[in-house]
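The structure follows.
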């Protein structure tokens, strides 16, 4: 069967909605638990998880997360396809804070490399 | 009759709403199946399609797709009028990931060409 | 009486909501039919119009239009006050596609002029 | 008592919601009527106002205004604290059109000054 | 227990929704009261607070605040993790106005430092 859920064995119960700082994101357990088995999202949304939720759901049933929706967006895309992609106006420091909060180790390194490169003189600076 | 649905023979049942990563997009089957008959969207939304949906609909009846709404937007516009148009802040790599996911072969080539050109030194760099 | 509806003789029945690609826009018949009597919007929303709607309304009663909300926004502002105003990140080619779709002849010319000027070397390029 | 409503004597009946072109803005009568007693908003939302509304409310009770939400945002912020602040991508001409529509005389002058300064060669242009 | 609420002892009653100028933000009392005990948000949302609300809630139960949602976003992120992070297009003057309104003393200083540095000639300007 065709799947629009990214993972191979998406099941209807797989869909979850997150309320991140007031904005809704829809994804699947497969995506949220794909990388870094020790990350907060992986521990929260793995089906065998027995950890206690100290987070709660809002009236619509979305899981509440008290973080920035703006910087969560590239995090979630990374979980979907494994690449970090930022639009030109996005401050990578904002994404780094979220990667640290969620415990996404591999992403933290990628972001720190990106920020180091950005601190070097950029292409607009005439070099002599 | 006048048509605001793009395709020539738009029918009321043609309208579909997609929930892409938490954001709603409204379009028609005619648009979603226009290019690349083998693409995921074409196979999902062609009326003669007998493929099994492993995707599901949300409470409002919108088809759930676990992908980036930000980068889906130019993809959907491409399906509407056949041209790839990106705003200046958009990272074409984000759109490329979606084009690959949905299997839009013609769009992948267009994006790869665009990205090759962007890697050349840009207009701000004084050349000597 | 004071009017927040732009046109001089706004009537309560004048307000219409459009669902453009999933995003809602609220305006008045006066605005939508102001320019280019032959444009698609003018023909759709002029009160004496007898043309058949092949478009439909969504559950909230908004008229469905299968086009880009991002590039419709400056189009609608143009209909409100007669000037084309684009933010700095907006790709004018996206607005041109919408102007063509809706048949806004005067706007097409304005956009083509704008794009020609943009192709000239810009202010950042040192000229010799 | 503490007040999150800006003005000193905010009352519960002070809160109003505006539907500007399809997007909702929440503010208070105190904010909307603060400057330019002759402005359209001041005349509309001053409590002693006897002017007739030719505008109307939508289903949610929000006052309908057929203008651009994008450019209304800095206008409303100006009414909140008295300063005009634009993000870097915002075209000041868009805000000027709204300031003219609403009759905010002091803001019109501020914007025209800003636009004059922007037309001068900017910092990126090598000067000889 | 795992916590997605930032603070260590998040309780279900901790979640609050703010309606800032028409846009909803979801956060916790722990976040809103973390810094600057004298700030307006800390006084409003500390549980031992006996101050009188002159602000009110909207129909959905969200606390009404008559300020800019655009510039509140980095303020709320600062309260979440203690760092001020702005995207490249954001005008720091807009955030400064909000920091002043809410009485976030430490943030005001950070912003004023940032704006002083920005006024220096930037990297694109050839220096002689």
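For reference, chains read A, B, C, D and E in written order, and residue numbers begin at 1 within each chain.
Everything below uses one rule, namely that a residue touches a chain if its C-beta (ideal position, glycine included) is under 8 Å from a C-beta of that chain, and two chains touch if they have at least 3 such contacts.
The model shown is predicted, which means the values in this text are computed figures rather than measured ones.
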A correct list of chains touching both chain C and chain D reads none
Between the Cα centroids of chain A and chain C the separation in whole angstrom comes to 36
Between chain D and chain E, the Cα-mean centres are separated in Å by 22
Shared-interface residues of chain A (touching two or more other chains) are 88-89, 124, 126
Among line, ring, star, complete and other, the chain touch graph is ring
Output ring sequence (origin chain B, second chain C) reads B, C, D, E, A
In the complex, chain E touches chain A at residues 1-6, 10, 12, 15, 17, 23-28, 31, 73, 76-77, 80-81, 83, 85-89, 123-124, 126
Chain C partner, complex, touching residues on chain D are 19, 21-22, 40, 43-44, 51-56, 58, 63-68, 70-71, 88-91, 93-94, 97, 101, 121-122, 124-126
